[in-house]
Amino acid sequence: MRPSKRAADELRPVTLERAISKHAEGSCLVKFGDTHVLCTASLEERVPPWLRGQQRGWVTAEYGMLPRATGDRMRREASAGKQSGRTQEIQRLIGRSLRAVVDLEALGENQITIDCDVIQADGGTRTASITGAWVALHDCLEWMKSRDMIKKPVLKDHIAAISCGIYSGTPVLDLDYAEDSTAETDANFVLTGSGGIVEIQGTAEGAPFSEEEFGQLLGLAKGGISRLVDLQKLAIL
Amino acid sequence: MRPSKRAADELRPVTLERAISKHAEGSCLVKFGDTHVLCTASLEERVPPWLRGQQRGWVTAEYGMLPRATGDRMRREASAGKQSGRTQEIQRLIGRSLRAVVDLEALGENQITIDCDVIQADGGTRTASITGAWVALHDCLEWMKSRDMIKKPVLKDHIAAISCGIYSGTPVLDLDYAEDSTAETDANFVLTGSGGIVEIQGTAEGAPFSEEEFGQLLGLAKGGISRLVDLQKLAIL
Amino acid sequence: MRPSKRAADELRPVTLERAISKHAEGSCLVKFGDTHVLCTASLEERVPPWLRGQQRGWVTAEYGMLPRATGDRMRREASAGKQSGRTQEIQRLIGRSLRAVVDLEALGENQITIDCDVIQADGGTRTASITGAWVALHDCLEWMKSRDMIKKPVLKDHIAAISCGIYSGTPVLDLDYAEDSTAETDANFVLTGSGGIVEIQGTAEGAPFSEEEFGQLLGLAKGGISRLVDLQKLAIL
Amino acid sequence: MRPSKRAADELRPVTLERAISKHAEGSCLVKFGDTHVLCTASLEERVPPWLRGQQRGWVTAEYGMLPRATGDRMRREASAGKQSGRTQEIQRLIGRSLRAVVDLEALGENQITIDCDVIQADGGTRTASITGAWVALHDCLEWMKSRDMIKKPVLKDHIAAISCGIYSGTPVLDLDYAEDSTAETDANFVLTGSGGIVEIQGTAEGAPFSEEEFGQLLGLAKGGISRLVDLQKLAIL
Amino acid sequence: MRPSKRAADELRPVTLERAISKHAEGSCLVKFGDTHVLCTASLEERVPPWLRGQQRGWVTAEYGMLPRATGDRMRREASAGKQSGRTQEIQRLIGRSLRAVVDLEALGENQITIDCDVIQADGGTRTASITGAWVALHDCLEWMKSRDMIKKPVLKDHIAAISCGIYSGTPVLDLDYAEDSTAETDANFVLTGSGGIVEIQGTAEGAPFSEEEFGQLLGLAKGGISRLVDLQKLAIL
Amino acid sequence: MRPSKRAADELRPVTLERAISKHAEGSCLVKFGDTHVLCTASLEERVPPWLRGQQRGWVTAEYGMLPRATGDRMRREASAGKQSGRTQEIQRLIGRSLRAVVDLEALGENQITIDCDVIQADGGTRTASITGAWVALHDCLEWMKSRDMIKKPVLKDHIAAISCGIYSGTPVLDLDYAEDSTAETDANFVLTGSGGIVEIQGTAEGAPFSEEEFGQLLGLAKGGISRLVDLQKLAIL
């Protein structure tokens, strides 16, 4: 039924590989099937100008795609001279999602930048990014803890994300590119480990959708994110 | 209770003033209380390069704020040399929302650009923009119809948008700036005249929210958008 | 004779509406016929870096046009990524004109930015901008005075501007777009309330003009600006 | 009296050296005292897109300053990533001035670009540029004539420019930097060989000026430009 | 002696992993020790405008670094809005080097773009890029051959690159970051499989170097590149 | 044999004219035949932020070409909004070359910027730039010495540069444009007065070159640079 033969509520194979960068304070290569994203956490012992002197830290994110991460080569944003609206939208979403589970005061006057670079894309790059970014952030905070740079817990919960959509009339979990490009409805959900909703973005690509359909998508997302959080727990053991 | 003394499900005073531009094929000055947005529809008898020769048209949107639309003056984007991520996010949302109710084939090889320029901001500029943009688009299509440029109905339905949020623990409709800046949760809903959902964007600003809370927000939005659609109908009489 | 049937020395209907912005310290919606410009004055209690520590303030201006202010939609400068030469030329002119009647030392270490945004254009946007900007600046200074932020008079005089041109061989006052686009000669004059000349810009669009013709244009301008200054006086009563 | 000891109506030593570029179709190194500008005319046998198919040509200009043309080094515009408002204002002025004496139809579908690059600056770079640009343009047209690329006269007249100002209360001709930076009033005049006025730009730097003062400046300019035109005639003998 | 304990003429462990991209027509992950570069070859069946209609193809390269490829996070070039001089220098070098062994006529009117993205940096990113790019290019050409898109051999030879330098007075091969940042002299060599020199870039970082020293570096490079070419041959077996 | 009839080891006529700028602390107009470059040295009594407080100075360079320095007019980089990769490559080379003979500590916390602007190009602009830049730098340092701004010698040696290439199978010195555009191999050499090598850049434009050929080019370069250094010595007498 689905191009990948998956069940409606089945995630693609997900892996979270830690410490894949020689330099970064925390890092994770996350794979949702053929979607591969390299997440690194970089610590700076200072905060942006607008936050100075407030005894609080900051967590932010940047997102990028290698030009041939996609089926057709896309123009390199560095060469085009600007980031697309899509890129900015995604990196703002990643940053907001992470901050939802961070105690910025406990972080002290430090900034952590999570870079999510898509090595290969097959749909769901933003949800894979958020899921992997949490692991990179976690490891960066462990790095700080081991150096006594933070005293109190900074991470308040897990955060993970998944897409759902209505494909050929059926609500399905974790759309790959083949599904994403033809789905009638596409929604992204960001939830905490305890099931709280942090972000919902739903878009009707074709016909508008109903409240009931949306409820089904949210139900699928809850199940999927619960499994992603389990995988995060395993990864950081 | 609310800073504006409004009931939880009460919209701000909304007005939709048509034909306020000497030049544009369609235009609307929309006010949601102290939020004022000037929407103009501009017709071009050609389509973007990637759409040529497909017998279809295109509807797109651009969004901007006058520098002193806000409490503190913001830097002019033309002078900064680029549009912010927020601006791009909003104009992409407006365009998608409008296209959800447009029959692009019936439009023929024409492009309509809706410019939404915020003259004064007090929260909810994107929802006011979408609601007013529909009127400007409607009038542009009437202009075309009166010149026999289109033969079949292009507009399939109404489209309108409203924000909801949880303010001091209570779900409320149509946040103004005083509420928006302190709300725990902020969500924007774009619905058609027949109640179909086109876009949902929900963000937890503070604590994550629950599925039940989200349902309450959606309920408020449905009521509010139903009234906005009534106002659109009155406006185009 | 003139497309608008006006007499050669007749201004278009001019209105100056104050306090049209909820946020700005001073504001004015100026209309010269179908040319409508929204002027806001924004106060900052600091000066640009190159002026620091000199016990003087600064007045500057920015100018913009909504994309569909004109007959054909123009590309949004924020999206193009830069301001055109014309835009920069005009905003530099507005700033210079205002500073000619401001005592920058009396202003103290404060900066006032006047934004002139053209809502609708029908010729003469720069002259309308200067004329309306003076009112917005005046009101911003009143706002400061009422808060004891300034002790001495800052405004030394009125400033207003008008265009003149040779249309079909006849010198005429206050060109609208229909005249401006075909005039042989186009000149802009900026004068103080006491009749001193602050800026003159004259351009032969077709054949060069003579000293005598230029004298006639200046004569018309003096009459027109005298009436604009009267209207400013009425507006701030 | 004047820092340079010149009489009030005395030009700086002016030289116009032709054919100083190995590559350009026309070129001129113009010196107004210590202000040195290299003008080259470059021919292209095509016109800008907006002019195609109209059997007319185009003349345009670009202006630049070497970073250390001035007393203090200025940032290189190529490195800053944009041309300043002043640069754009000047190059628009040069282009307009030249076109005032060119028969664009006689030019055929060709474009001539005049580059005016300031090698050394000591006030009056825009007036020197226009005066030298005319010579470069003349020689480019001769080059075309000798190749039968044009049949009818393209140049209708000479064009030259000079600044005047009120310095220490006295109207003076051709301001150098020492005068320009302290003059109360600064005006630039562009006139044809037959004395027609093409551009007037007058600015009060300090106190506003009167009609009478402006008349004196124009009188000085006429005398100065008459001598510049004589020098152009000598140069092209 | 060397921080890595390597002999003076010893390469770091080099691996060339092919077909690591799901989408690209050719790809290679090249590792020179801790320097990891992802090379993809993207085919387009058209050439740049300046090459159209000449029955020839084009090979070009782009280079980038992930922000945290380095010890300290570097600003993302897409966010900075431009590529650094260093980036442009490197990508021009990669492109020139590859074209030295490509028969552009045999390629037909096709363009191949090689993207070299540094996942992790430890010195020698440009030499690793060239060495891996050759493999990606080779595989892209095989892809074309298997689809009958090319008839004659396009690749004329191998191309590979290595750095050499004088470290603590001793000429050494394949500098890592610890050596590169303190070497007195740093040189990059690009050679063909048959030993022809394609590019030499030598820079004295401290004291100038002598012809004899340069000869020693070239000798080391020849040996190193010979081994790299052997590894390329093994990789494409 | 050579288009210019020069012997294989013959430089073009070289002149170094000092003090050609009224404003710069040091300046030199260098001519290598028809290649003319204006070099100015500008002193600032401060260093870039990353060098502050280290009791050291900095020498840097910028490079530009007037748009019609070349046979066909090239787009003005200031108008294009960015410097090309070639421009950046050259200005980085000039800066590195000069710093190789400067004692940055003896310079104190001062920065000298050398601007090399190509007035006319006929091949070899980068080598002429370096050769002339040394003279401008020298004179700037003399200017500082005469004002007691430096106590110890700052310049450690001469620096000069020349290109060599293989033209029609023969190694030749100092390529002009006619040779450069068809040479099989093109190399630039930067050497000190005492013969030390500072930079070598060799590129095979056609077939790869051999070690022996490269040795011949280096031999030619040594002879040529020795003569350039003699000319520098004469120039500063």
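Order as written gives the chain letters A, B, C, D, E and F; numbering starts at 1 within each chain.
In this section, a residue touches a chain if its C-beta (ideal position, glycine included) is under 8 Å from a C-beta of that chain, and two chains touch if they have at least 3 such contacts.
All values reported here derive from a predicted model rather than from experimental measurement.
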Shared interface partners, meaning chains that touch chain D and chain F: none
Candidate from D-F, E-F or A-E with the same interface as C-D, over half of contact pairs in common: E-F
Reference chain E; chain at largest CA-centroid distance: C
Rigid-body rotation angle, chain F and chain A, from Cα fit (steps of 5°): 120
Chain C-chain F separation of Cα centroids, rounded to whole Å: 50
Whole-Å gap separating chain B and chain C, where each centre is the average of the chain's CA atoms: 33
Shared-contact residues (touching 2 or more other chains) in chain E: 81-83
Ring topology as an ordered chain list, initiated at chain A and continued via chain B: A, B, C, D, F, E
Residues on chain A engaged by chain E in the complex (per definition of touch): 21-24, 27, 34, 38, 40, 42, 44, 62, 64, 66-71, 73, 76-83, 87, 113, 115, 117, 119-120, 122
Chain F-facing residues of chain E, complex: 82-86, 88-89, 91-92, 96, 100, 187, 191-192, 194, 196-204, 207-211, 214, 218
